[in-house]
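What follows is a pair of complexes built around subunit A, which joins subunit B in one and subunit C in the other.
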Partner chain A sequence: MKNAIKIIASLFLLFVFTASVVNAQKWQAPVSSKKKQNPYEASTRNISSGKKIYNINCKSCHGDAAMGNMLPLQPVAPSDLGSQAFLIQTDGEIYYKVNKGNGAMPTFEKTLSDEDKWMVITYLRSFDQNKKESKKIAEVKNPEVTDVKLLLDINNENKRILANLTGVTAKGDRVALQGIELSVKVKRNFGYLDISGDDAYTNEKGEVSVQFPEDLPGDREGHVNLLAKVTDDAYYGEVIVDRIASLGIPTNPVNPLDERAMWGTRANAPIWIIFSYVGGVICIWGVIFLILFQLIQLPKLAKNKE
Partner chain B sequence: MNDLQEQKETTLSFEKIKKDILRPMQNHKGLELWIAFLITVISVCAWAYYVQLRDGLGVTGMRDYVSWGLYIANFVFFVAVSLVGMLISSILGLLRIDWITPISRIAEIIAVAFVAVAGLVIIMDMGRPDRVVNVLIHGRFQSPILWDITVVTTYLTISLLLLILPMIPDLAICKNELKKASPILKKLYNILSFGYINTPSQYKHLHKMIRTLMVLIVPVGLAIHTVTSWLFAATLRNGWDTTIFGPYFVAGAFVAGSAGLIVAMYFFRVSYKLKDYITDVQFDKMGKLMVAVCLVYLYFNLNEFLVPGYKMKTGDDIHLTELFAGHWAIMFWSSQLLGNVIPIMLLVTKKFRKPFPIMIISLFILAGAWIKRYVIVIPTLLHPHLPIQNVPQNFVHYYPSAIEISVTVLSFALALLIITVLSKIFPVVPICEIAEQKGIEVKIEA
Partner chain C sequence: MKEETSNNSRRKFLKSVGLTVGAAGVVSGFSLLGAAKAAAQEPGETVNLLTQDGQLVQVDKNQLRPTVTGPLTELQKRGREGIAGKSFVMVIDLSKCRNARKCMDACQNHHQLRPDQHHINVLQMQDAEHTAPYFMPKPCQHCDNPPCTKVCPVDATFKRQDGIVLIDNERCIGCRFCIAACPYSARIFQWTEPKDAEKYKNLTYNIEANVPQKKGTVSKCLFSADRLRENKLPSCVSSCPNGVYYFGDQNEDAVTNGTTHETVRFSKLIEENAGYTLMPELGTKPRVYYLPPKNRAFEFNGDLLNEENLH
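On to the complex of A and B.
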């Protein structure tokens, strides 16, 4: 009888345990969410914009899409969002999950706009091998080119940066490359600040025009390090150009070591601390030397015997 | 009872006091054996230091994270014990408390020995000890390291003066009485007695100097241990970043110093046969003093651990959990219980304040005090604010190497040797002060 109770109890515990594990692994979006459609088309532009949002908000846990390099979290690791197992879900289901979050996955209901969420879904869908119709419909066909060049033309007066992307065709003509996303960045203290804006795709002349921010500080002469590149290396390999331009606001950086401070060099010690230290040492050692001086006089006192 | 005491006092003539106190300095076989033993230990351990000097600090267990290991724990311990000189001979002396007369010199000897070795421990902790002068040449006024070097040397100087100056009358006696002493010692007695023959003007002059020094050592004594605590408290690290560290260290130092003094008193009383001078009264009073300083220390501990333990800020949480229930729990609780709480409970009863029991209790307090310093220094370093990443396994833990332990033994042996040698060449109990206290006339021949 006792054994039977034990067996039932352990079976029950086992059941509860498996149920909780299964529960942790299966995360089903409600049926009602399935029908929702992605209102945005799968253009190169949207995919690329989705990739940017993905890299900022999703990549730190999920890793690169279709690469399987997610964070090894316990008990459930984040899914590879580029895998077929994940993309079997409808757009609506993915949208629901991004909104709600589950366990370690946070909710993005308020942190991302609807457009951003759909862009991410568009980007993820580009990995879906079963959905042919979503393959880059709006893609611009550029001719096969070699020797891709990115040229920067900087207008110092109105602070505009004009980037021009060209390549040499098989016939030997240099032609503009259209519809390619460029990134224009400025070097700051820790890394680069992207100033390309939302629409940095080359036009039919292969050009992207970027307005340099009015309030960005440069060095003493206003110099800043500019860097322009083709955002996606997949097209032509790494196409990159950098330039020092005097577009920034000239600033005189303050060296914190120049002022008198606790962290300064000895010469720049705060006055009060020098006074306290030196004063203390002089006072204490002054008394010590005074006593040593009096000590030397002790033998002389032996003579006056009154 | 009163009659008995008076009878005993009258039998103590000046000649007897002199004989009793000077005897162990002239003829003491055990003492010479003890010195030989200490010198052997020091020579063996000096080899370990030589290895460290030759191969660098890599032979220690210290790595990038725990860069202050056993040595700094020792340093804090030595400084703490040395503070007893200021407590006994200065604070209690200025308050004119008379039972400290026979033990004040032992306190001063401990102070000199321990603060001298504390300075040496810092140098032993340096990979390039020849660069210690750079602290003085290039030291920044803002740096607690410079303050520390300054106060350690100042405290050593004043402690030395406070050892020698009250001893001048006794040294004049030594000069006259110790005919068989070696020529070097005779010369030393001659120089250090400063021609003292106890004239009224000399007496007045000398006591004025001593009183000045007694006042002077109070701020310096407080400074030495406060600055030692600032070496820690001037950082933002969990466990060190607290405002009460100065007084907390000073209170802890009084506990450790008093314990050291009681142990020394016991051994001098037995080995030098000084039962008539270092009496049960001194042990009883020291026991009461110990309860007082332990209670103050307990109060500081309560503040130091209960307040952050109540709030448990993220960094403090990791640190305190490790201390209370983690890797350091045994050391932490043994230092708190064996080194503080249980001694308080025992020493409130009179029978535990008898010489032998209180000496044993003091040994526990000393061990607890040392362990306490160890758990102050090392656990904090193992939990830096930035996570420890991609480092070799031996950066993540700290275990003192055999070399470090040997050098530690070296420093303890050195401190004991200094105490022994000082008590071999100088009278450990002030002859003239005892005589004065008992109303016996002091006679010093020219």
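On to the complex of A and C.
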């Protein structure tokens, strides 16, 4: 009897377990999609641009890759795209799922370009421990440095920002750091506007030149809050400089309440409406009072005639 | 000499005894008082609270005081003036909306509204018989030429310098002229006692959030003006899971997406995606811009057969 209960219980548990596994694995990409290969190589640049696209389009639901901090959505929580369980799939399968979407997962068929999608997949593959070819291909070898400095040189005339990244080697020389991605941003009310463009990697002099947008407004004096940083903190820790520069277009905020308008409150009503209203009230009451006055005068007039 | 010292010591002894007895009396007196106080405030329920440094503590309910947001007159004054130098705009990307309704939940939570009351509502739209249906969130348009403020007989609803149209429930007489004047049906009327009226009756009225709501007055979307004061995005914008909303300052020509926190140029976003406003023929100059539902992120999953849902 005891054995029978045990068997039934274990069968039940097995059933529940398989059901949950089946449930989790329900979304299968078709076999034909599996063969598709990622045409882009796993270079640091591709991984970095993939990370940017990931952070804008995927992170809000899936969380950080390999961190497991996805949104706890019901009934199916988004999977951790950096986990090994997810990366078992081929590039083609991931590409298919990104394209098609399923339930709460949107379709990116038209909203992201093919290149962008492959960049994201390249970025995700960098978390794959089984793929040897996915190891980062370092384009440039920088020497081991300390005291990394980011300097900003701002040219007000042609609105160019020149950022220079250097570090001190073990020998004590300050050398330029090459091939490092920088982000240049402008502070706005609710966030930072990225103006660094697609190719903000330091050259052999450790420099990146960024064009400030010609028509971006600043404050009354044209001041903007600039922020430059090394995009990936993994290289040298957090390297940030912020600077107030007068590169923006001086903008005088217009206060709509300065003008009298029909939609304004009583204090802000147009002069003509105040005059015509007050005039109308005076006229109407004037007529009423005139009539009343004449009525009072009637008996007097009658007496005078007599 | 010796006698004097002994005299001294006796005096000292007496002094110290007196002091001790006196002190003991005072202390016991205080403790009695404390006990009486404690008895008056019976240790009722305890509440779990999280301190600023992340510690979980248990606090007696008697020790809790309601938060005081500042005197009413001060709140009214700054609420009427608005935030200087700002010009707030919202952009709603219809191609990303899938009717998740998180914006509505967050809004109703923030402004103490019942589930059937909407400052923002997600509508099902179908423009013509053969066109594709889509979802359209519709908050107050915060017009630059608002018809609603023109008709208010008591100056209760007004436009501020940052472009936001607000209503002062302390002034509102409930005539509902503004509801009739609004072409976007953005305003609601509190016919009955508002949600949790008893719970919030002692709260100082905040004109920038319309809380606590008042029976017999009009209420409307406020772009979460109280959150904007703290440089936070409106409730609906930051609660959207699908990146539908952008919000920002037109003077800076930048809007920030509430989901992805990506900041983009407002003018470029509108230009590149053919942004439009609702009912432009009325000349109301709305501050809410829409991006057309092209290249959708989700398939339309609404219920078109149910005509009640269709607008």
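Please note the rule applied: the second predicted complex is superposed on the first by the 227 of 306 C-alpha atoms of A that agree within 3 Å, B and C clash if a C-alpha of one lies under 4 Å from a C-alpha of the other, contacts with A are read in each partner's own complex, and residues count from 1 in each chain.
Going forward, a contact is a pair of C-beta atoms (placed from the backbone, for glycine too) under 8 Å apart; a residue touches a chain by one contact, two chains touch by 3 or more.
Please read these numbers as outputs of a predicted model, since none were measured by experiment.
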Touched partner set for A:67, first subunit B, second subunit C, both or neither: neither
Which of subunit B and subunit C A:108 touches, first, second, both or neither: second
Partner chain(s) touched by A:274 [first = subunit B, second = subunit C, both, neither]: first
Touching partner for A:192 - first (subunit B), second (subunit C), both, neither: second
Which superposed partner A:266 touches (first subunit B, second subunit C, both, neither): both
Partner chain in contact with A:295 - subunit B first, subunit C second, else both or neither: first
First, second, both or neither for A:151, with subunit B first and subunit C second: neither
First, second, both or neither for A:287, with subunit B first and subunit C second: first
Which partner, subunit B or subunit C, touches more subunit A residues: C
Shared subunit A surface residues [contacts with subunit B and with subunit C]: 262-266
List of subunit C residues in touch with subunit A within their complex: 84-87, 95-96, 98, 100, 144-147, 149-150, 155, 158-161, 163, 231, 233, 241-243, 247-249, 251-256, 259-265, 295-299
Footprint of subunit B on subunit A - complex, ascending: 262-266, 269-270, 273-274, 277-278, 281, 284-285, 287-288, 291-292, 294-299, 301-302, 304-306
Subunit C-touching residues of subunit A, taken from the complex the two chains share: 55-57, 59-61, 71, 73, 101, 104, 106-108, 110-111, 188-194, 213, 215-217, 219, 251, 253-257, 261-266
In the complex with subunit A, residue positions of subunit B that touch it: 138-142, 146-147, 150, 154, 157-158, 161, 165, 168, 194-197, 199-202, 205-206, 208-209, 212-213, 216, 219-220, 446
